[in-house]
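Two complexes follow with chain A in common, the first pairing it with chain B and the second with chain C.
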Partner chain A sequence: MSATRPPDPNGRASWVDWLERRINLSEIFSFLTHFGFVITPVDTSRPVREVLREVAETPVPKYASGPRVLGLLTAILFALEAVTGVLLAYYYKPTPEAAFESTRTIVRDLPAGWFLHQMHAWGAWLLAAVVVIRLLRLFWDGLYRAPREVLWWTAVAMVWLVLQLDFTGRLLTWDAHSYWATVRGMEVVFALPIAGPILAFLLGGRVVNDDVLIRFYALHVMVLPTFYAACVYFTFATLRRVGLSPAPEGRPEATTTFRDHLYTMLMLTVGLFGVLVTLATVLPFRFLSAADPYVTPGGVRPPWYMLAPYATLQWLPVPAWL
Partner chain B sequence: MTATRSAPAIEHAGGGRRGALAPGLLPLPALASLAAGLLLLPALALAQPGNPNPDASAPTAVSPGSGRCGVCHPTERVQFEKSQHAEEGVRCTSCHGGNDRSLEVASAHGAGFRGRPARKDVPALCASCHSSEARMRPYNLPVDQHALYQTSGHGRLLARGDTRVAVCSDCHGAHDILPPKDPASRTFTLNIPRTCGACHGDSTLMKQRGKPDVFRLYMGSVHARELYDRGNLRAPTCVSCHGVHGAAPPALGDVDKVCGQCHTAERRYFMAGGHYRARSGDDGPECASCHEAHTVQAAQPERLAGSCAQCHAKDAKTLALGRRIWTDYHSAADEVEKAAALTARADAVPLQTDDYRARIEEARTYLREALPAAHAVQEDVVAGFTTRARSMGHEVQSEIYGKLGHLRQRKFVLILFWFYLLLTLLVLKRYRDQGARKGSPDRP
Partner chain C sequence: MSAPRERAAPATGEPATRRRFLTWLSRAFLGLWGLGAAGVVGAYLRAPEHREKVAGHLVSAGLLDDFKIGEGRLVRHGVSPFYVVRLDAERVVALSAVCTHVRCIVDFDRERRVLVCPCHDGRFDLAGNVLSGPPPRALPTYAVSVRAGEIFVHL
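Moving on, here comes the complex of A and B:
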């Protein structure tokens, strides 16, 4: 059917037409957009040029600006983390003997390895900040009310997943500070009444050792990102049903075309990339000596999101059986 | 019967098992038996011998080493049973004579009984076995101790009839002799200063003899710090410098030979230096002139001026030499340590620093050699090492600073990066705005 279609009205024969005659591009595009990229349904029986033109002209509310941008950032930052993470995983070795050495090889000896490492670390930092701010914003604007409950739950799950990703990823470098931050963090978790023993069982004990490292690695690169990606999908899928968050009161809903929206998103990504590169270069994360389970460096503390329970636990008289 | 049964309890009462449970930790039955043992102590004299002991491994009043002497001499028996002599089959009668099979004082202390040997007879008594090649061969022990002892300060005074000098038993113990490798032995390395100090740390006795309290002096030395604070059993004790059985102060010209046994490099440079050449006979500077004899101290800048001034008080140029060598050494050491600190900083970046570490170790080796070289008291000899160490430190520092500076350049590249980034954003914005105009509904 598609092979008999007339060529492009502009008379240009490009690789798109060449491919269009051999494979149904619209179908592939439809499959891709199923993950929430495009709000309109795609007619897969039409040529991809027409589909794209139509999609590009579809009016969409302006959601790459204002507080709505937070949701977009969670997806963009996650994509960045995924890309840098996969590249880091090419050289990383998740064993206590090799973890620090391999991370140091990435950071020190590989060309631009330090850049990947710092981008991944700062990206994680920003991602954690963004998901938390987004959750606060949703709460503040009351966006957990019907029919947006699924969005709210997903946002909560995303915060939880990002913190877990941060906590599991932090250990992987196996340097003195990351190791001891994990040990302190685990002490907080193990002190919880029910979750503590369950977690200790899942991790094979209360000691941070090679078992914990490989399990954290598996969680960090496979399990948690999968769940996060699912959350991103749920967010888009729900948005298509319930719509974007309403515009501020008294202001009319501004609309733009999908094409403009794509450009705005691209600019947002470029800007974000610039911010990350600046942070990675100006304020690189320091990299101490390899972790030694028998030597605690000074000033170790759990990650920031665990400081409150950590301080509470230090202050509370914890019963001996805990 | 009751009395013999209580014999094991006496072991506790006599302090026979040192390091056993503290009284507060003893269980009640043990305390009870202890009390019973103490009460029955006088009754021991009436105890009937020959009763089989239920616990064969515990020492008893009647044992192969002490025979029946221990019935009346329990304290000595307890000491003796644990000694090396008891293990090797030496008996009470070997030294004291008499008959250890008898329980009657008259016959036990009868024919051939020597009683407590007089102090002047002790060396000869010990030598009766320890100078016998045939007896000592199985233990691979030397047999020259008695001969050596007679050449020692102790031995010579004893020969002159002065019995207030150390004899064998003063250092080795009488009944409780242990081999020198046993940490409980008085002749174990860690215990030697205290063993010698029993007399040489007795200030009253030493004052009478007109000698200093060298025990206290030694305990303030670098040697004692090495031995006790760092637990280095190869650190010198009294016997390392004075000899063991032939203990005597080294002759005036021999001090450098004695110290040179361990400090070989220092002696080599010392002998090549001006101090050694300036010596005439036994007179002249030697190790103790600067480092003291028993209070041996490492060279210190504050001490340096004083020790040089002992001889060079009027010669200001020579007086300053020590300080110049010292300053030279320390400026080089500072450079090397700065390089090491910078390497740690580079490690935290992280930068590859393995090569720097190797070079810093090499520089430290030169510094280590510079200290013995200072004993030649020649600036150029010391500078041969310090210059190399200093230049290696400089090299490492400048290379690391170069790399760190390169890292700083990254930040300048950021400016260029932002220029292109903003340009990209502008281009994207232009495309967007163009598209918006084209895609607007009023487009024809």
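Moving on, here comes the complex of A and C:
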């Protein structure tokens, strides 16, 4: 170590000092603040240790609790989906011949493959629930008003993106249930006036075949997650600008330090992980036989968030010409 | 660790010990959690082996009469492809087709009776020796036997 540099107050001469003489670590760290993850401006001319210490002691509103946690959960659950999704994509083959076989290999033969599969499925279930509840809560509390419009529109976009991710991901396993759920879903898409034929063109036709599968795969792993990540960025960056949602009526704003906030977030992730592990182990999603385009199995139903419109449609007297 | 500032200054030694113990406990818990997650992902990531077993096999390279004198053929055998070259009426040699430099597949030059690597122009003679170019080692050669007119290569 260089003798001219003052020793670290903690007496630890480490790789951080070594690196800091070569790269501006504070600059790199300040990059994170652009994403709103760290809610404080950073002086990039100072050493990274000082910056981190200052950031750790910065008071932040306690937002990993109450209804505000929903926004955080949309990001944490998405990160979990990204990690498990990448791991699943390592073994998945998006062709009609190999899709079911490769999924079965993951679920049945690979160590912990079933676990990652179920975690991904349950994570998607929870993510759909969280974004919908968050949208309802933003609406209920009137948080769509100026200057928070961007937050509202990104929340709407996130709901739409998660439902599309769920729809495209559902087909990928290519088992009987997923296949026929997609066939029915596609019919709904095509029934839309004007947008229907355009979407049919973009999605690769009316018949669910290899063209549709590869497009769903590309949408599911590349296009939609990118847009979702952009929405997460917009959410956090806008929050930095307009501030968090106001505290509930008559209650003072509780503040904490950033260090504690990180710790709470870590605990939140661990708790979430526990919930997901429990669900994945106790209530695994079923995985049926391979899809046969000539045999429709009984009991094919839409995903849970579509059950209400589905039941309404069944109950309503729909005229024959519709 | 997560306690607010106001409670951070214990008057006696005992709460500090308890605090340290709780910190240690939560860190140990998180460490175990991370270790378990890493183990699961590691076990999943270990790719299933698709490698073929090639050692100790007798591989048929076709009938001797099908080879013209001076002819060499590439046998596409799993991860260890090799050339079979008929030198004259009786002698047949077999040598690896995988260049010892960066694992390109060498070409057989029938005119000059050499093996030429298309990647960096490494040249080998039909005994596998390096004639020129960057390959660091000779090509492995395999024993050949002709039984009832059929060529067998001992990999």
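Just a few scattered comments:
One rule holds for everything that comes next: the second predicted complex is superposed on the first by the 299 of 322 C-alpha atoms of A that agree within 3 Å, B and C clash if a C-alpha of one lies under 4 Å from a C-alpha of the other, contacts with A are read in each partner's own complex, and residues count from 1 in each chain.
Convention: contacts are C-beta pairs under 8 Å (C-beta built on N, C-alpha and C of every residue); 3 or more make two chains touch, one makes a residue touch a chain.
The shown structure was predicted, so the numbers you read here are calculated from the model rather than taken from an experiment.
Of the two partner chains placed by superposition, only chain B is touched by A:T281; chain C is not.
Once chain A of one complex is fitted onto chain A of the other, the partner contacts of A:A112 are limited to chain C, with no touch recorded for chain B.
Touch criterion met: A:Y263 reaches chain B and chain C at once.
In the superposition on chain A, A:P147 makes contact with neither chain B nor chain C. In the overlay built on the shared chain, the residue A:L87 is in contact with chain C alone; chain B does not reach it. Once chain A of one complex is fitted onto chain A of the other, the partner contacts of A:P246 are absent, as it touches neither chain B nor chain C. In the superposed model, A:G205 makes contact with neither chain B nor chain C. Using the contact criterion defined above for the overlaid structures, shared-chain residue A:R104 touches chain B, although it does not reach chain C.
A count of residues in chain A touched by chain B and by chain C gives the higher number to B. Taken together, the two structures place residues 109, 256-257, 259-260, 263-264, 266-267, 270, 273 of chain A in contact with chain B in one case and with chain C in the other.
Within the complex, the chain B residues that touch chain A are 347-352, 410-411, 413-414, 417-418, 421, 424-425, 428-429, 431-432, 435-436, 439.
For chain C in complex with chain A, the residues that touch the partner chain are 1-2, 4-5, 30, 33, 40-41, 43-46, 48. Looking at the complex, you find that chain A touches chain C at residues 87, 90, 109-113, 115-116, 256-257, 259-260, 263-264, 266-267, 270, 273.
Per the touch definition, chain A reaches chain B in the complex via residues 56-57, 104, 107-109, 256-257, 259-260, 263-264, 266-267, 270-271, 273-274, 277-278, 281-282, 284, 286-289.
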